[in-house]
Amino acid sequence: MISAVYALIAIGFTMIFGVGGVLNLAHGALIMVGAFAYLALTSTAGMLSLPPVVGFVLAVAITAGASYVLYAGLVSYIEDNIVITFLATVVVALLLTEVIIIRFGASPSQLVPIVSGSITLEAVGTRIRYVELVAFVVSWIAIGLLWYYVTKTDEGRSILATSMSTRGAELTGVDLETVKSRTWLIAGAFAGIAGVFIGTLQSTTPEMWLNPLALAFIIVVIGGIGSIKGSVVAAYLIGYLETASIEILGPSFQGVLSLIVLAAVLLVLPHGLYGRELVHE
Amino acid sequence: MAHLELQDVHVRYGKSHALKGISLSVEEGEIYGVIGPNGAGKTTMLNAIAGFVDYEGQITYDGTDLAAVSSQQIVRDGLVYCTEDRDLFPFFSVHENLLMGAQFRNDRSAVEDDLEMVYDLFPRLDERREQEAETMSGGEQQMLAIGRALMSDPDMLMLDEPTIGLAPVIIQDISAAIERLQDEGLTILLAEQNSTFALRHAERLSLIETGELELEGTSEEFHDNEYVREAYVGVH
Amino acid sequence: MSSATDRLSTVTGRLDQSLQPLADGFNRLFGDYVGELNGLQFVLVFGSLAAVLTAPFWGTFGLVRAMTVAAIWAIFAMSWDIQSGYTGYISFGHSVLSGAAAYTTAMLIHNVDPGLSMAVTIPVSILAALVVGLLIALPSLRLSGPYFSLITFVAVLIFYRLIPSFSAYTGGETGIQSVEVFTYDPIARYYYMIVPMLVVAVALTFIARSNIGLILVSIRENEAAVNAAGIDATKFKIFSFALSSIPMGIGGVLLVHFTGGVDPTTFIAVDRSIEMIAMAVLGGMSSILGPLGGAFFLIVLRDYILTDLANLSSPARWTIFWALVLAVLVFVRDGLFRKLWHGLERYGRGRT
Amino acid sequence: MTNEDNNTAGSNRTGKEIVGRRTFLGATGAAAVTTSLAGCLGGISGGDDDVFRIGHLGPTELEMGLGAERSAQLAVDELNENGGVLGRDVELLSEDTGGSPTEGERVTENLIQQDNVDLLVGTFVSEVTQGIIDFVAEMDVPFLITGSADPDTVTENHGKEYDHYKNVFRTGPINSDLQAEGMAGYAAYLNEEYGWENFSILADDAAWTTSFRDILPTQIEATDGLSVVHEDRMSVETDNFTPFLDDADDADADVVFRFIAHGGAAAFTSTWAQNEYPFALEGVSVPGMSPEFWDATEGACLYETTSQSGAGGVAPLTDRSMDFVDAYEAEYGDEGPPSKPMYMGFNSYDAVLFYAEAAATADTVDYESNLDAIVDAILDLEFTGAAGEVSLYGPDSDYPHDVMETRTEDGIISNFPITQWQPDGDDGVVECVYPQADATADHVEPEWL
């Protein structure tokens, strides 16, 4: 179920890489921004205590905005140098961690679920919280909308086109700045959605960005950098591997299996399952 | 007034001086050929016009100084460039590639008309509407590149080495297309190593060698020029 | 040159000329190996060297301790630089190399024999760093650009996650804290760290200035051309990784005998790799001495100025730390110390 | 590296070598002080001046550490009002150890070498404690551990080289071997109250839970009718607890004892509460000790329990408890969380006063010359603190220098209070529910059971 949320994260990460060639290591930090924005807006102990749905929408908007600011305020000045960008974004993530600690403290918080309660699925012998279902449905709606946008509209298609060939996009009169800005906005919104759900289903801490980022990393590389379809497939594959490694190897090996699969994929298929050699320059 | 005019255009890549003061002008409706050996600076010149490299000197298009115009605006203003690498969208279908060419146009019905025009011009593309660009042959890709450029509703087309690496049969198809486009009044700036091809289509030509304009004249003058004949035409 | 700069270099240039004889003496002796200096640069290099060597006689306890730590991190930053900075293949996995050495030391003592002498554990640990280095380098250097960085990043994550999984041997999250420190005496300890650092600095500078360094830089600039010249670039990339593993191992051993133990957060976590990169970038990549300066600058700032002097809380400290690194990344891409170096060159020789 | 140094550094800690090294250190230590004087930080020569300096070590960015720092300050203020320690003014120097040994080592060295503290109090994370313990032992500064409960700290050190580590003590909490025994007593109590028989043990895969994983199952099953039906370890990276809770459910557990110290605790709790898993949630949850945990979990922590020394500051464990909590609230009530001292606060407060009393008995704080006198005084002391009675095990016991457990007449460990989040209108409130003697309310089972 949560794999759909991971797919959201991975898609945002992969789109930014596809369009601008930027490995945005601050992507995880955006997830954290989403979760903390929601916390600040909806926490019953906080000042605003907005209804969860309103808080959700605002948190997503704030994260999208933060993502845009990150691009326009920082990345657009340095994106010509991959190494500098790579480093700068990871430094932004570390910086945000400290800022969040100063503002919210280092202790974990739990978010108000958008809906509460749960159902037991006797067939599989597990319980599912309604909020998990909401996360699943909302994530898939978001992915579906994105799919429609990038395949059926000129504006969206320009994003895909730019990720295939920047020069080609320029030759067809695509405004790269607009495309990149839009991509960062979308990736930010997706990170915001993911942030609220991960913060609800897991916990909201200043360190929460690392694991989703690592997962996004793994998913994107396995799925193929730049491929949205690859991200969705790999997200489910990773979700399965995570569960499998807990069951087969024991919980202390959580994540190890996916990392090993990742290393293998990188070595055998450096471009991932749906990876295609990018046509950058 | 000339459609496109270059005045003393220089391009430097670091220490190398790739274009050393080129001046030429292209008139509305003509096919203008630029010939010269590999590495002479033809592509650099087209890149400068398209706004992909920095240059010194002046380039005007329809009287507008292009220095201040972004490369995507140049395309939207009707000066469209088909690069030597073609720069197609490899995982888009033929149809999607063509749609991308028209992505900035709002007039749906005109776009539909242009689609039909391109499919009519290159029936091979019509047969392969859903095929991914990456999986097509070189000739088909070249057709697609020209087709995509046409979808941007150009007044002027810049073609860089449209025949490079293509079989003679395909070259004929492209020749036919170029002739038809000229009939419809499109201005074309054609850069070619294949001088025979360039001489067949262009009304006026220049010869560029090592970044300098060596010769300018009509196709007749080029035909009669001994140096050109020996160095370039005889080969093909 | 602007007139202000002109005026400044009238002064500095004269200063430079009066120092030139000293520098010339140095240049005659060593210039061929490490490059020529002008008078101001000579003062910078030897002034810093003198300051570093005499620190315990004028510094406070906190400063000397920070410099002790900085010496170890300087080794890491320089080792990272000879590989990533020079070849352009950015490794995010260097903390695994130092971690391998440190863990080898600790695990030998913890699991094999607590009485093992350092004469055994130190070489074995450095060898372990080399082996792990090759283990990472051989498969991953087939990949290029961001893919290489990604897989080294993943290597860190794998090692970090495996350590708790084998907690019987590795001590898990807590690590192993039973390693003997060199000494508790703060002054002697300082020299235990500074001397190996200077040796590594000289050795790496020497290599970087040799033909090998030239080839490594060429790989960064244009790998195809290197191959075209008949040089096997892959071989040199692997060589540079191996070359960097050895000082990483030395640094790892120093660090484990400094802290008296290992644990995954101090030795492996990806933050550590990022910190060494930050130091190298801040100082100036592909210059060996730049990263050394970067390490001293950042650690003295973090562990001494912001703590002992400014007395800031830990998040505030790290905020300043990362904000500074970010600023340098964006505004002084070539690094502070390279900027300073070229500045001295300009002001020194400005009028001649 | 000179040969001489090498010998010193590589040597094992045999008695003779130690003496040799002490002298060497003494000499260079003096040099270090001189240089720091020269370095214009100002001279503080420790031990024999008019100020008694206490170094407090804790993760002060976390509520736990901040509560401890404030509590230690309260103890210092109290001492100063009553004439200080042996007539000296008392000064608290608090340092943030973060959670990492490196930072812990740095601040400890600063406290000892630069600030010349006369006493060290604190350390919360086992890693930090173990990272500094060799150095502290080397420097002979008395060190009272108030946070980490790892029994190895004493069994691995004092148990093997008593003389070297004799300046290190733990005044609270009771070590986790004893906590495990206390937890087994609590299991028996739950069985009496509710008839719960099946227990599940879910522990962080970390050093501090070793006792709960190794000893607790046997201890629980020692009571007739009780069985441990499910055990598992959770990696500290775990963020999805559903599989663990499902397994406990499948094993028909009536109670899950979870031992969790990292940030995932909030997620653990809310997964349990929102899914209304059919078992009670008991054990130790470090984040769950926060007085602000109700808000942090949006009330999901209702009905969960945790053991914590000091019983969350809600129960009059001794005559001192509520005075201390009141003083804390008066002083720090407006300064943000934590709004109560938390367990390490109780222990740090007690440790400072404990040492002051021992120093008074020994009539010295000069550990460099009179360490043995100080150690004897400490070991002889029977002290009543805010968290309970504090007296320490002697050199020859299983847990040398470790705080003793207290027991009821039936032999059940009694200084191991359990607190529960109980409903209070729309809000939640912490109540002490065990041991019965100290309880402020009855244990409540989740309403969905």
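Letters A, B, C and D mark the chains in the order given here, with residues in each chain numbered from 1 onward.
Basically, a contact is a pair of C-beta atoms (placed from the backbone, for glycine too) under 8 Å apart; a residue touches a chain by one contact, two chains touch by 3 or more.
Computed from a predicted structure; not experimentally measured.
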Excluding subunit A, groups that stay connected where the other chains sit: B | C, D
Between subunit A and subunit C, centroid-to-centroid distance (C-alpha), Å: 33
CA centroid of subunit B to CA centroid of subunit C, Å: 52
Chain centre separation (subunit A, subunit D; CA means) in Å: 39
Cα-centroid distance, subunit B relative to subunit D, in whole angstrom: 77
For subunit A, residues that touch 2 or more chains besides their own: 101, 106, 252-255
Contacts with 2+ other chains: residues of subunit C: 161, 164, 167, 315
Numbers and ranges of subunit D residues touching at least 2 other chains: 61, 205, 235, 237
All pairs of touching chains, each written as two labels joined by a dash: A-B, A-C, A-D, C-D
Complex contact set, residues of subunit C against subunit D: 56-65, 69, 115, 117-118, 161, 164, 167, 171-175, 177, 180-188, 192, 195, 257, 259-261, 263, 265-266, 303, 308, 313-315
Subunit B contact footprint on subunit A (complex, rising order): 154-155, 157-158, 160-161, 164-165, 167-176, 276, 279
Subunit D to subunit C touching residues, read off their complex: 1, 5-6, 8-10, 12, 21, 24-25, 28-29, 31-32, 35-36, 38-41, 60-61, 96, 98-103, 105-106, 109-110, 113-114, 126-127, 130-131, 133-135, 138-139, 205-207, 235-237
Interfacial residue positions of subunit B with respect to subunit A in the complex: 50, 52, 70-73, 75-76, 80-83, 85, 87-92, 96, 99-104, 134, 148-149, 151-152
Touching residues (chain side subunit C, partner subunit A) in the complex: 88, 90, 139-140, 142-143, 145-147, 149-151, 153-155, 157-158, 161-162, 164-165, 167, 271, 274, 277-278, 281, 315-316, 318-319, 322-323, 325-326, 329-330, 333
